[in-house]
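Take a look at the structures below.
In the two complexes that follow, chain A is the common piece, with chain B as its partner first and chain C second.
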Partner chain A sequence: MNLVEIVVLGSIIGGIWALVASGFSLVFGVARILNFAHGTYFALGAYFAIVLDRELKYLMPELPSLIFSIIFSILIVGLIGVAIYKTCIKPVRKYEVMVILITLAIALLFEKILLAIFRDTSVSVPFPISGVITVSGIPIPYTRLMALLVAILIIILLERFINATKTGKETIATSQDMEASMLIGIDVEKVYTIVMFLSASLAAVAGILYSQIYAVNPQTALRVLIYAFAIVILGGLGSVRGSIIAAFIIGFMQVTVSIALEARWAEIAAMVAIIAILIVRPRGLMGVE
Partner chain B sequence: MRRVILLLLCCVLILGCTGGGPKAGKEVVKIGVIGPMDTKYGIAMERAAKIAAEEINAQGGINGRQVEVITADTKLNPDTATSEFRRLASQSNVVIGGFSSGVALSMLEVMAETKTLWLGDASSPRLTDKVAQDYEHYKYFFRPLVTNASTFPLDMAEMLDYLNDQGVKIKKVAILRDDALWTDDVMKVLRPLLEKKGYEIVMDKKVQKGTEDFSTLLLEAQDKADVIMPIIAHVKGVALVKQWKDMGIKLPIAGHDLSAIDPDFWNATEGKCIGEIYTADGGGVPTPLNSKMAHFISAYQEKYGKLPEAYSAYGVYDAVYIYKAAVENAAKAGEKNPFDADTLISYLEAFNTQHPFEGVRGKVAFTSNHDLAWGSEFVRNYICQWQDGKQVVLYPADKATGQLITPWAE
Partner chain C sequence: MKASLYIAISLVIAVFAVMPLISSSSIAYMLGLAFIFVVYCVSWDIVAGYTGQVNLGHTVFIGIGAYTTALLSSGRIGMHLPIWITIPTGGAIALLFGLWIGVICLRLKGYYLALVTAVLPLIFIQLANIFSGIFGGYEGFSVGLSRGFSPDISVRYYIAMLFMLVSIAAMYAIVKSRMGVKFRAVRDDEELAEAVGINIVRYKLIAFCISAFFAGMAGAMTVHYRLTVGVDLFDIPLMLAVILSVITGGIGTFYGAVIGGFAIFIAKNWFFRMLADALPVPVSDDLLLYVLLIVLILKMPEGVVNRLEAFLSSRSQ
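What follows is the complex of A and B.
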């Protein structure tokens, strides 16, 4: 087994998982919402970018078309996240089981819609620069390098946003005590909306990067959800930092299992990890109570 | 108000009794098409059947009866498939289609129970083995759409021989295959066949449907093998081919990748499939190899504005005409009911290696257990390659439309 291969490939997929899981965790930490539709934002990010790029290509050169499509897609998915929160989640927010049921139904609904429009095929977002660098025998295409850099950059920005801006601090306050936050004049509803937007957008970015490296199909959303779950449970529900660390651990585990056994065992391992952590250490690495 | 409703009801009833539709007063022959209708394989089946039906209707129908196509969706789920097959069995004269051997095997029992003629798709040998084992029970199954999976290994072995003949040195083979019933059947024959020919299978990995990350598999193959041989129909080749090209893997991909047959594969992979070598299932490549094929492709493009989405189009189109020919031969021979399933068996069996049926894909001949006869003169899997946006036939030599290119070696 090649250690370099595990580190290189595991970091890349870990970076993408970190984007997915940090948003998932943020929403749970701040609003106590377990959003089963989170994987859907991942898939929608990729699909919107693909569709927009196909259309915009006729109006402008390829590179600006791609960049615009990606930015629009991230914004649209962010807004869809907010819309789903306002229309479907907010009315039932007090009932945790209802939130799970309704977001799961949304996830299944979008899967069916994607299947009806795009059929059971894999599609991918184009990447303008082709090329490979080789690190001790492991070829790393520019797509993957770019994905890792973008993921790290966004994670740093997210940390800065939470810890260094006023809105970020309001977010932390809301996650610690919602009622006290309301008493000191924080607009909790605004915080929820911002968190929903961020969370969906982060998933969209991850979906776009993922589909540039690999591809997406309508079933991707639910598979991504399994990994997101494994990561946030390992990292500790509600802890963004824990999720980011856990994302890389799961990424390394995924690659190790793929090499040692077969790719199909990676998902099984993720599910076993979910159960094991819940039994042995339900708080995960850095969970909030 | 009540009177108006009553009046309306009466009108509906009268219209209903007189048939109302375009086929008023005439008997129709109903062709049931079953497949995964959410996928391009199912869509292509339905569209091809409709083109055949329209053509046949314009020429006076089958033995004077107009043809009507009804469809059913398997959802790739054995439970849905069996109940939908039962519905088609009660409504139609013949069922065409299938796809996915696990699903098809479940439908086979309903077929036997309802004694429904079924011109099927799905490549597992288990389907036609049943015909051989219990002929009376399963004789209603014929497989004109695809060749038996036990013949795929013959194609694969020929493909490796062909590549060696062309100067691509291949000895060690890395196999990536669907985690599904049909590839187990392929491997049972392929492994001893390749070993006998002096090839070495150094890697044999199963991949689940929906897999998109092939990085570790590609790297392992590069370490160990001379060729990556995919045997995939449920797993999509887009992600595999993209990563193969992006990572600059210095091995050819040569095998059975069902998605590579699709005309939009070039665009779906952003042209990264250049150089991929694959077998075209049942001869179903959108390259007009004969005048019938040219006619069908242009009819399809005219009606739907694009090339057939999947290989299944060609087989279904052939199947409708095979059914028509069998019925008409039965009528000519003076059969009382030429549409009867039991009657038609022997007329379908008469399309054998001596008297094959001429279809768009070439000669269709049934073996004694209702499989397609395999051989250069019959419908077979061509060896093709993606080159500059085009699907080029490399082998057999008399069908070749171009020469092998080796972009992976550059």
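What follows is the complex of A and C.
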């Protein structure tokens, strides 16, 4: 086992997980919604990009077609996230168990729809960049390097958005005390909508980055959800910064276990981590109530 | 009122008793599976409805019961024990897991309890897949016709029916006893229950053990009824079907789980399958079930039977 390999591959996957988990954690922190459909946004992002790109290629050259498809896909998935929130989550928000059940049902519903349309095959977003850079004997394709850079860039933008804009500050306020925020005139419902849009779009970006390195299939949504759970429990449900750090830890762990044993064991390791952490600390390592 | 209820129950049992004589064997086969499914639902309701702990990992007990009996009886690990030993063994091992999961869940509340219990069955699915030499991977394995209850479908049907009646009667006796009252006291107000001297830790664990035992037995019965074991007995769709049934019937009402379990199983395996075939778009019965679950949660998060009762009582006033 090579340490460089673990660090390099682990940070790439960690960057992608950071995008997934930060949105997941944001929604929980702000609206106290545990969204089991979060992995679905990840899968939908990849599938929309692939389908749009396939159609747009007939109309325009390869690169603009891809860029348009990716942007459209991110926007569409963001809107789907808002639509699911408005139609399904909001009416039952006060029953926490019902929120879990309905989002789980939505996740499985989309899995079945994707299976009906695309069958049980894995697909990738085609990327026109090729080439490999070698870091101390480990070949890294440019696509992977780009995925890491894009992920880091978006995470920085997200941090800036939360900490430096008015809407971001309203978001923090809402997560700290919803009633007090309403009293000082913050439109809490608007904040929830924005957070839902952001969280779904972040998952879509992650799905697109993931699918140009690996491949997605209809079952990916639930697998991603497991890693998202493991990360937010390690980093603390509701803490965006904690989730980003935990995402890289889980990424390194996943790569280590995959190299040492087998990829399937990485998933078990993530699941055992969730249970072990919660047994020792029933509110997660740094979680909110 | 009480007498008419007994008459109604006797009538339903009588109708079920003659079903294999008048219906085709495929319908009898499906009804038999529905009987076992009802036990999954009622046993989940003991923990979720009576003690108020939403256990999303109930399929762990079903799957453990199923795989225990399948491995011990089929000769896959070199053992050919008779099924009247292996089925209770499945129930007993599920009970031990119930105790263990119950201990874990004592410390957890709300979202965290839901998360841990939702993840547990997925670990078993992955393990079954990794050690496919023993567990047969995602597909599972067949225990062989000689390990079924009987080659005759109607005999299997009556065994499943008897199992359901005995299990329901036993669980009904438990929830109507003083213990059932204590379960509900724990659900309604833990602090108050503790204040009046109810050992809430003990009663939560007892509820988990009872629930796990009956689910494990039902899982084991499933294997010798349908002759195969697979990870579908651990999987999320089964869990959602159980939850949907209990919610439809009314959580924590006992008879709600019985009626809901039966109705949803028949709806899924008969009505939805026909509907899915009839519709011009390629949909599956599972997909229709999820749509139903979403609509139901949105329209009446308190359950259909509860809603109906509220409706009837408001009319009579």
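Methods note: the second predicted complex is superposed on the first by the 283 of 289 C-alpha atoms of A that agree within 3 Å, B and C clash if a C-alpha of one lies under 4 Å from a C-alpha of the other, contacts with A are read in each partner's own complex, and residues count from 1 in each chain.
Methods note: contacts are C-beta pairs under 8 Å (C-beta built on N, C-alpha and C of every residue); 3 or more make two chains touch, one makes a residue touch a chain.
If you're wondering where the values come from, they're calculated on a predicted model, not measured in any experiment.
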Touching partner for A:S130 - first (chain B), second (chain C), both, neither: first
First, second, both or neither for A:K86, with chain B first and chain C second: neither
First (chain B), second (chain C), both or neither touched by A:A116: both
Which superposed partner A:R241 touches (first chain B, second chain C, both, neither): neither
Contacts of A:E96 with chain B and chain C, given as first, second, both or neither: second
Which of chain B and chain C A:I226 touches, first, second, both or neither: second
Chain B versus chain C as contact partner of A:K57, first or second or both or neither: neither
First (chain B), second (chain C), both or neither touched by A:R264: both
Common ground on chain A, meaning residues reached by chain C in one complex and by chain B in the other: 116, 262, 264, 267
Complex contact set, residues of chain C against chain A: 54, 56, 104, 107-112, 114-116, 118-120, 122-123, 126-127, 129-130, 236-237, 240, 243, 247, 282-284, 286-287, 290-291, 293-294, 297-298, 301
Complex contact set, residues of chain A against chain C: 28, 34, 36, 87-88, 91-92, 95-98, 100-102, 104-106, 108-109, 112-113, 116, 222, 226, 229, 233, 237, 262, 264-265, 267-268, 271-272, 274-275, 278-279, 282-284
Of all residues in chain A, those that touch chain B in their complex: 2, 5, 9, 13, 115-116, 119-124, 126, 130, 132, 138-141, 143, 210, 213-217, 219-220, 223, 255, 258-259, 262-264, 267
Residue numbers on chain B that touch chain A, as the complex places them: 36, 38-40, 43, 179, 205-208, 210-217, 219-220, 236, 238-239, 242-243, 246-249, 259, 268, 270
